[in-house]
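Alright, structures below, take your time with them.
Each of the two complexes below includes subunit A, the first together with subunit B, the second together with subunit C.
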Partner chain A sequence: MMSSGLHAGLVQVGANYPQTTISQGLEVSTPGDTLMVHSGTYRERALVVPHQLTLIGQNNPVIDGNFEGEILTVTADNVTIEGITFKGSGLSHLDENAAIRFEETQGGRVSNNIFEDNFFAVYISQSEKCLIENNIIKGQAKTESRSGNGIHLWYSKDVTIRGNYISGHRDGIYLEFVEQCVVTTNHSTKNLRYGLHFMFSNHNEYNNNQFDMNGAGVAVMYSRHVDMHNNVFADNWGSSAYGLLLKDIYDSNISDNQFSRNTVGLYSEACNRIQVEENDFENNGWAVKIMANSMDNVFTRNNFLANTFDIATNSRQNFNAFSQNYWNRYRGYDMDKDGIGDVPFRPVKLFSLLTEKNEPALMLMRSIFVEIMDLAESYLPILTPATLIDEEPLMRMNQ
Partner chain B sequence: MIKRFTSIAILLTAVFMISCEPTVRTINYGQDGCDYCRMTIVEEHYGSELLTTKGKAYKFDSIECLAAFVIKDEVKREYIHELYFTDFEDAGNLYPLGEMIFVQTKKLKSPMGLNLSGYRNQKVADDVALLYFGETMSWEQVQAFVETSWLK
Partner chain C sequence: MTTLLKIIKYQLHDLLRGKWFIIYTAVFFLLTDGLFRFGGDPGQVSLSLMNVVLFIIPLVSIVFGTMFFYNSREFMELLLSQPISRVALFLGLYLGLTLPLSAVYLIGVGIPFMYHAGIMTGGYWILLLVGVSLTWVFTALAFFIAVLSEQRVKGIGMTIVLWLFFAILYDGIILFILFALEEYPLEKLTLILSLFNPIDLGRILMLLQFDIAALMGYTGALFSKFYGNMFGSAVAVLALWTWVATPVWLGYRAFSRKDF
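Showing the complex of A and B:
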């Protein structure tokens, strides 16, 4: 004698099976079943998974929501969704319609799916212990206000987002009121606003991701204890575009990242106690902009290479420490051959301070007047922050 | 000769007057950054603006950011010429504060999470508040709400 709970069944859905639609399949399924969806296009939406289930696509089935409402909502624990293409969740300015929504669940898994032209693709709401892995997520990439986020987490905990490709959404990955999440090895590119966006989310980590060609880079805001390492922030150009925008961030760590070809590599406003170490800043307009309200941040063993400006700030005050960085602009010498320059380096140019206060002054860049002014200031600093100095500039790049 | 002189004078005066009167600036959604939270402004239903007496425009991605900017005196009160808000029913366009009534409801998620939206029509605002379990607010109430939510 066997109870049905122990014996998970298989429900097949397809043109040549008893159940021809996914909603029929869901209806006859019992908890613990596997729902196998065979190839074909299913024009269905407002599907609900009410109990534990494994949904598996065979030979790339497509669920087409016809741009109306949501496609699939999961309200049960331990639901897995794999190998299915989701298309066309409905655009709305009232509802955040998603292709797949997890609502107050645990143990959800979304892997190896394809998402095309959805408003929001994967939406995790008030859920825990989920895994979103190896999905391809492509938005409509039209106008900003007409597209939602690729992967959206809200009031959730302990979620892993790994190995996804996300493009053409408003924000590639968005986290709001989220804790203990890991975002790793994703490629988030050509999204309309941010590749990754943290808001009010403490104790999270993101590493080994690539964020490039997004409208405005990556933004990490109003959060504490965020660990950011081994990521690439590249090719974000525009008047309000940053490799990484930090606003109100405390007690965090930024290490071994690469900031290349951004208008501003790293922008910091009202940030405290951040350790910025062993990053490469190359070919940015401004490598680092650090506003006066940022305190007790430490920049050490970073490489600054071929940036138009290395450090810019909006004040004469400085409450941050810079030491043992490599500055390719440094022209000092090392008589005692200890690898550390014998004269300090001042990374803030007078001209960058002036442009911070009066942006149109950028027009004068590369003029002889500006060069003379910068030279004079470097010998006799009057206006640039007196304490923003690297006392121990490295002679060689930090490998 | 005098006639020509007069017409030039009138023209110059007109140009002078036009350039002096501060005018509302369009928000370039997807490009402009918010002057309070620094995020790129993307949602056309929530954009707001502060215009100074000198004609400088500060742009915001949400009503709450503009309110916080005002509360924190980022621009001195006497230099504020006008505040502009989006009518939720007419996204993309800005209207002066005098015409606006605000609604706070969880249903309409604003970019910075305080979920405030603006309306020119009192009836519409009342309906939205009723339908989405929210409440209507005056500008003073909005400022008090933002202050207790963010700045205390």
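Showing the complex of A and C:
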């Protein structure tokens, strides 16, 4: 009690200080204080920050929740948490226990912390104007049902997620009913399910992130007005793995991204009015799979390089536009030297359509019979979508 | 045994005098080297070579094998008038052709690979293995047909039909079966069907090296799981060996009863 009175606004916690535990520190703190946590391991959980406070770790203190319940819950506005290692929030099938939870707050900040082996690491619920930056979040998820998400946002607004490294969780970053968020320069890798997962979240933006080696890539579902640019989607391999999976997305923009070595680079189901521009698709199994329930999407100035299949679809109908893309399979010529091929390009091969209908047919890939069939079909299209054509294929790669 | 070696040695001399072998080596060498110079990346070179291997090697082996057998007729008759066992003669002829054919392929493809990409490139070994295996399989089939059919034209016609069947028609039949039985789970069936065509077997072994991303679906996962583990690899190798041994044995059986 004395110390908080003497050092106006600064509460020190540590083995050599009056307050030896964080809960004591929180108890004596008054709104607006700074709580300085000195190095050491604090075996504490169910901590609550009830008023505005700045929690700062000195020399890497560790708060160990011992895999039971939640570690720290913030219910006040403008709370900052910085430089602390959080370990072991408890696994539960009933509660979404997090290392740090913000509950109905504004202006929270979580920066430069380390999270290890938590069920959920950072959980933002019904909060606004938060910033989560430069944290290192590592989990040891083994099965989807027994693991939580790295950064989880629910019913929140104006949150910025920046520069974090997230691995080993179920979803790296999960957003549900979230608006006006920016997700930028994060690296989300080796998560069990998705590197980033959007649900029912409109007007969001994510850029300059790297998503690689996640179980199923990145999923954006049931959202409108999502801007996705300059991201890298790479090495998502598996029977249902995607670089980027879009489901029921409207009026969005996907530009300058790189899709490399994914089973499916970009998968689109029931998506409307999406601009897909200037992306690079290389060495994917399928660069783009676009289901027939997608309409009015525009693919333009993308590069398609060394993919096993460039475009696959499941129907003869096509309601999307492809123009001025570069296809490394294109064999046409350019008589007037304007950089645009004079012969249209058909990116859907008959074989890709067949495998879409009958997956085991994949075993015939690169067989001579299939090559002959594809060749015949490309001259005289009967089964492949007649209107899925790039009328103006580029002769050179779009830089 | 010594007779066998002597026959093989004689065959080598005989074949190396012909221009065939130089042309065959040069084709592989220039193709591989050229692909490296234009394409560059060893993965793509392997992919392009894969089509050549699957198309050219069976065709050359089977046609050249039959022609070779017919052309050796007088040599055979001469040797059979001597106290020489028919096993030694038949195997001598067979090895005397397959060994140089395989060596030519290994040199033509292997050397450019070595100085362009190093020998540890992924898929390189499987490319060589499949090429050599297909040489052995289709030479064996060629010999079997040549023993059965006295007439040259008929024999060569049959080999071409057989090649057409394995290289192209078989896959058409598979596709037909897959769509006819669409409602059933077919993954296991495709796995079994792939064992009954040496070209398909070779193609799938190579696909698992090169087109991994596209093969990550359920079918692909099943294939890579099967062919990726010890048991599957053993089955694949055993199947390829069976494809060599069966026609050799059948050919020898017909050869040993043949009245010259």
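Basically, the second predicted complex is superposed on the first by the 391 of 399 C-alpha atoms of A that agree within 3 Å, B and C clash if a C-alpha of one lies under 4 Å from a C-alpha of the other, contacts with A are read in each partner's own complex, and residues count from 1 in each chain.
Keep in mind that, in the parts below, a residue touches a chain if its C-beta (ideal position, glycine included) is under 8 Å from a C-beta of that chain, and two chains touch if they have at least 3 such contacts.
Since the structure is predicted, the reported quantities are computational estimates derived from the model, not experimental observations.
Superposition note: with subunit A as the common reference, subunit B and subunit C can be accommodated side by side. In the superposition on chain A, A:331 makes contact with neither subunit B nor subunit C.
Looking at the shared chain after the overlay, A:262 reaches subunit C, while subunit B stays out of its contact range.
In the superposed model, A:200 makes contact with subunit B only, not with subunit C. After overlaying the two complexes on the shared chain, residue contacts for A:238 are found with subunit B and with subunit C alike.
In the overlay built on the shared chain, the residue A:362 is in contact with subunit C alone; subunit B does not reach it.
With chain A used as the common frame, subunit B approaches subunit C to a shortest CA-CA distance of 7 Å. In the superposition on chain A, the residues of subunit A contacting both subunit B and subunit C are 238-239, 241.
Across the complex, subunit A meets subunit C through its residues 237-239, 241, 261-263, 283-286, 306, 308-309, 354, 357-372.
Of all residues in subunit A, only 93-94, 96, 143-145, 170, 176, 192-194, 199-200, 215-216, 219, 221, 238-241, 245, 247, 267, 269 touch subunit B in the complex they form. Within the complex, the subunit B residues that touch subunit A are 29-33, 37-40, 42-45, 91, 107-109, 113. For subunit C in complex with subunit A, the touching residues are 44, 47, 50-51, 54-55, 167-172, 174-175, 178-179, 182, 186-187, 189-190, 193-194, 200, 203-204, 207, 211-221, 223.
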